[in-house]
Structures are given as C-alpha cells and as structure tokens.
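Here's a structure for you.
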Amino acid sequence: MDDSSKLDSSDARLDALFLRHELEMFNAAYAASLDENRLSDWVEMFTDDARYVVISRENADRGMPVGLIYCENKGMIFDRAFALEKTAMFAPRYLRHIVGNLQILAGGRNGEVRARANYVVLQVLFDRPDAKLHQVGVYHDVFCRVGPSLKLAERRCVYDNLLVDNALCLPV
Amino acid sequence: MDDSSKLDSSDARLDALFLRHELEMFNAAYAASLDENRLSDWVEMFTDDARYVVISRENADRGMPVGLIYCENKGMIFDRAFALEKTAMFAPRYLRHIVGNLQILAGGRNGEVRARANYVVLQVLFDRPDAKLHQVGVYHDVFCRVGPSLKLAERRCVYDNLLVDNALCLPV
Amino acid sequence: MDDSSKLDSSDARLDALFLRHELEMFNAAYAASLDENRLSDWVEMFTDDARYVVISRENADRGMPVGLIYCENKGMIFDRAFALEKTAMFAPRYLRHIVGNLQILAGGRNGEVRARANYVVLQVLFDRPDAKLHQVGVYHDVFCRVGPSLKLAERRCVYDNLLVDNALCLPV
C-alpha cells in the first residue's frame, strides 16, 4: 500500500473527526450564547425555516406534539427570544449549559446531518443562593450547511423533568 | 522533510484521535441505551467474560470488593438487566447520563485499552416533579476489540454518593 | 488537485483537531487531579508566573477584581493548595468535576492559546448521604507551552452560584 491509498482509506475516518469537531464547536457556541444571554447570536444559529421545539419526554414519547415552545421558522424563534425582554416579568437568573454525549446518527439528503446530545441546564436565581438543575434532556437535531457555516434546521429539546422549575423564560 | 515522512510522524497522533473518537462514540451510545431503556443493546456492549461492577468510592478506595452490583460475565450482566423487569417492583423513572472527562490511560496487552471517564446520572421519578442527582462517579474501563467493534471487558462504576437515592434498579 | 496539496489544505484543520484533543486531555487530567486530591499534580499544571483566580460571576461581570481565591504565581498556588492540609479544619468530602463545552477562542502572542470551558463541581460531604451541586461556572483560560507540555498561564474560574455551599476549601 503506498501513501496515497493509505490517505484515501483514512479520508472517511478523518471526515468523521472533522464533522464531530464542527458539531462540538457548534454546541459549545450555542450554549455560550445562551449562558451569556446573547440572544441575537443564538437566533443566528438557525436556518430561515428552522423548527425549534421544547417538549416534555412524556409527550414526545407518545407522539403528542404539544410543547412548551413551538417555533416553525426563524421569525418565530426571534420573537420567542425577544418577546420576554419587552413584555415578561421574570426573576433575574444565570444559566449554565452542559452539553455532552454527542452522537452523529446519519447524514441525510442534501448534506443534512442528524445528531443528538444530552444537555443539562443549571440555573441560579438571584434571590436564592444555590444552583439548581433547571432542565435535563436531549437535543434531537438536524444540521445543514448554509454557505461555509453549519446551522440548525431543527432542534427538538426533549426534557425529562415533569415540571420545569420556575417558568421557562429563556430558550434551552 | 517530504510529505511521506510528515505523514508518518503524524500517524501516531492521528491514531490517538481516532481512538478517542471511538471511545467517545462508545460512551455516548452506552449512555443512550440506558437513557432509552434499551437494555438488550446495553448488554451487547460487553464481552462474553466481561466484569461489570458498581461499587462505592468508600469501598473501592479501601480495596473492599463488595459493591451494589457484581457481575463476572455477560450472562450475569444479562440477568441483572432483565431480572428487574420481571421480578422487581420499582417506581417508574427517567434516567439521563452525562459522561465526560474521558482519559485514555494506556494500551495494554492484546490490544486492550484502559480508560476512565466521569459520569453523572440524573433521575426523574414519575411521582416527583424535579430532576435529581442520582449517582455521581467514575467509570474505570478496559475496552477490547471484538471483530470490528469495541466492547467493554471491564467497567467498574465507582460512585461518590454515600447513599444511592432510591434503590439502584437500573444499571449505570 | 494532487495528494500533497490536499494534505496542505487539511493541515490547518488537523492542527485544530490536535489542539482541541490536547486541551481536552489537559482538562480531564486537571479534573482528575482534583477529584483524587492529588494537589501536587494540580500545582504542576500551572506555569511559574500563572494567575489562578476563583471569582463570582457577579463580580466578574462588573469588573470587580475581588474573588474567593486570588493567586499571582505558582508559589501562591502551592500555598493555597497545601495551607488547608495543615491549618484548616474542614469536613471530609469527595469532589467530582465535569468539564464540558470547550471553546478555543484564539491563539495569541508567543503561542498562547485562549480557551474556555463550562464546569460543574459535585460534592459529597461525608456526613450527608447525597451529592450536591457545589459550584457551577466557566473557566477562562490562557494556556502556553512549556517544553513539550501545555500549562496554564491563567485560569479564571467564574462561578454562577451566589453562595458557595459549605466553605470553599479545595481548588476548583
């Protein structure tokens, strides 16, 4: 086997590494934008016709569509992010996301990538001293490439907890 | 330095990347099989003569062998997974694993790989609204290659908490 | 395009993978040294003139310098680690770190690398049965290369929780 064929044979494995690296960087940047309350940056991580859903595991397992948040395009995602800045009263808080256990499930049509990752959102309310487990669950994602960058065409956040501690004001 | 020698010198570093990638995918698949209660899939991640142990840090540190779960082969692991389906009464619950801080310690004899990773198991009981820290600890692992795939020849789950909240019904 | 130019074009991407791999191994080793109370190993992960700071998000966001811990060089870091062994009375405990969401922000002057990662420190006090969220936050890091190995020239641990449950006896 000469060098060029050796290269060829490792190309597929390398591509898998590059893709994983890219998705991990994406998820870390996604988490940081929410942790730092940079909601404009967060909105820009979705495609124009992206679906963003936050739904309980109970409903998701039974095929029930009703969730806490249901957005069918970027406009709705934008509104969801900024409505609360203007209209809602809610207690000030810090969020901290931990995203782990990334799995890349399959490349689909049109260069789409299906993936999942577990997440934990930790929350500190300003009138309580300690951090709490705010939400625990799994992201079911469809990524696609828009120009040079990766964007979310779909993120379904399926959370395990039966009640969400305090109201869900901010996206997960 | 020409291209071929450059390739050679980066081969070892590339192999380290590929191995890490493979172990991370394994741990994510392992966690998903438990999170989704696919216990048959979970059992298949072990070799025929695998050892699977869940033991407290207190006992592990003192060299005490007694643990919550002690399985010496795949048959015992299978029994442990499915006994509870038939015989035990236990409260329905959701589990969510976060596995992080993977360390690859050494390749050993016969292509074995020794590794460790920290884990957190979060649990939601169906009669309580919130997620709880169920178990926190470290996996001490020996992986080996069976055909094209990686399997666990040993996983020792050493947990920090002194009591395990609610009975330990499901594997970690 | 021939093989050599293909190689060249993927070199930068490969270097990014190697660097990420190296930082992840570093953070896992850092966490393990604290989890296993190997404080001498922990001290050795810093450069001689390293800065190590533990500060609340509240103070950090306002540019206030005062933190729980403030060390300006390795001698101070050493003292901080070992003072408590000799002088302080504190309840025995287990710690468990989960470090995730690594982001490599930029390479700077002199081969420095700026990075960040979210962390959760879980704690079990020996007189209480359950694990608690001890501290939740983000590492803001500057790494630099000393000989063949990577060291921390700066680690600022910015924690979200308003109070740190129990005294902060051990480094994060």
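Note that the chains take the letters A, B and C in the order they are written out, and that residue 1 is the start of every chain.
To be clear about the criterion, a contact is a pair of C-beta atoms (placed from the backbone, for glycine too) under 8 Å apart; a residue touches a chain by one contact, two chains touch by 3 or more.
Here the structure is a predicted model, which means the values were calculated and not measured.
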Partner chains that subunit B and subunit C have in common: A
Same or different residue numbers at the subunit A/subunit C copy interface, by half rule: different
Distance between chain centroids, defined by C-alpha means - subunit A, subunit C (Å): 25
In subunit C, residues with contacts to at least two other chains: 3, 7, 14, 17, 98, 100, 120, 133
Subunit B - residues contacting subunit A, complex: 3-4, 7, 14, 17-18, 21, 24-25, 27-29, 31-32, 35, 94, 96-100, 120, 122, 124, 126, 128-133
Subunit A contact footprint on subunit C (complex, rising order): 3, 6-7, 10, 13-14, 16-17, 20, 57, 98, 100-103, 116, 118, 120, 133, 135-138, 160-163, 165
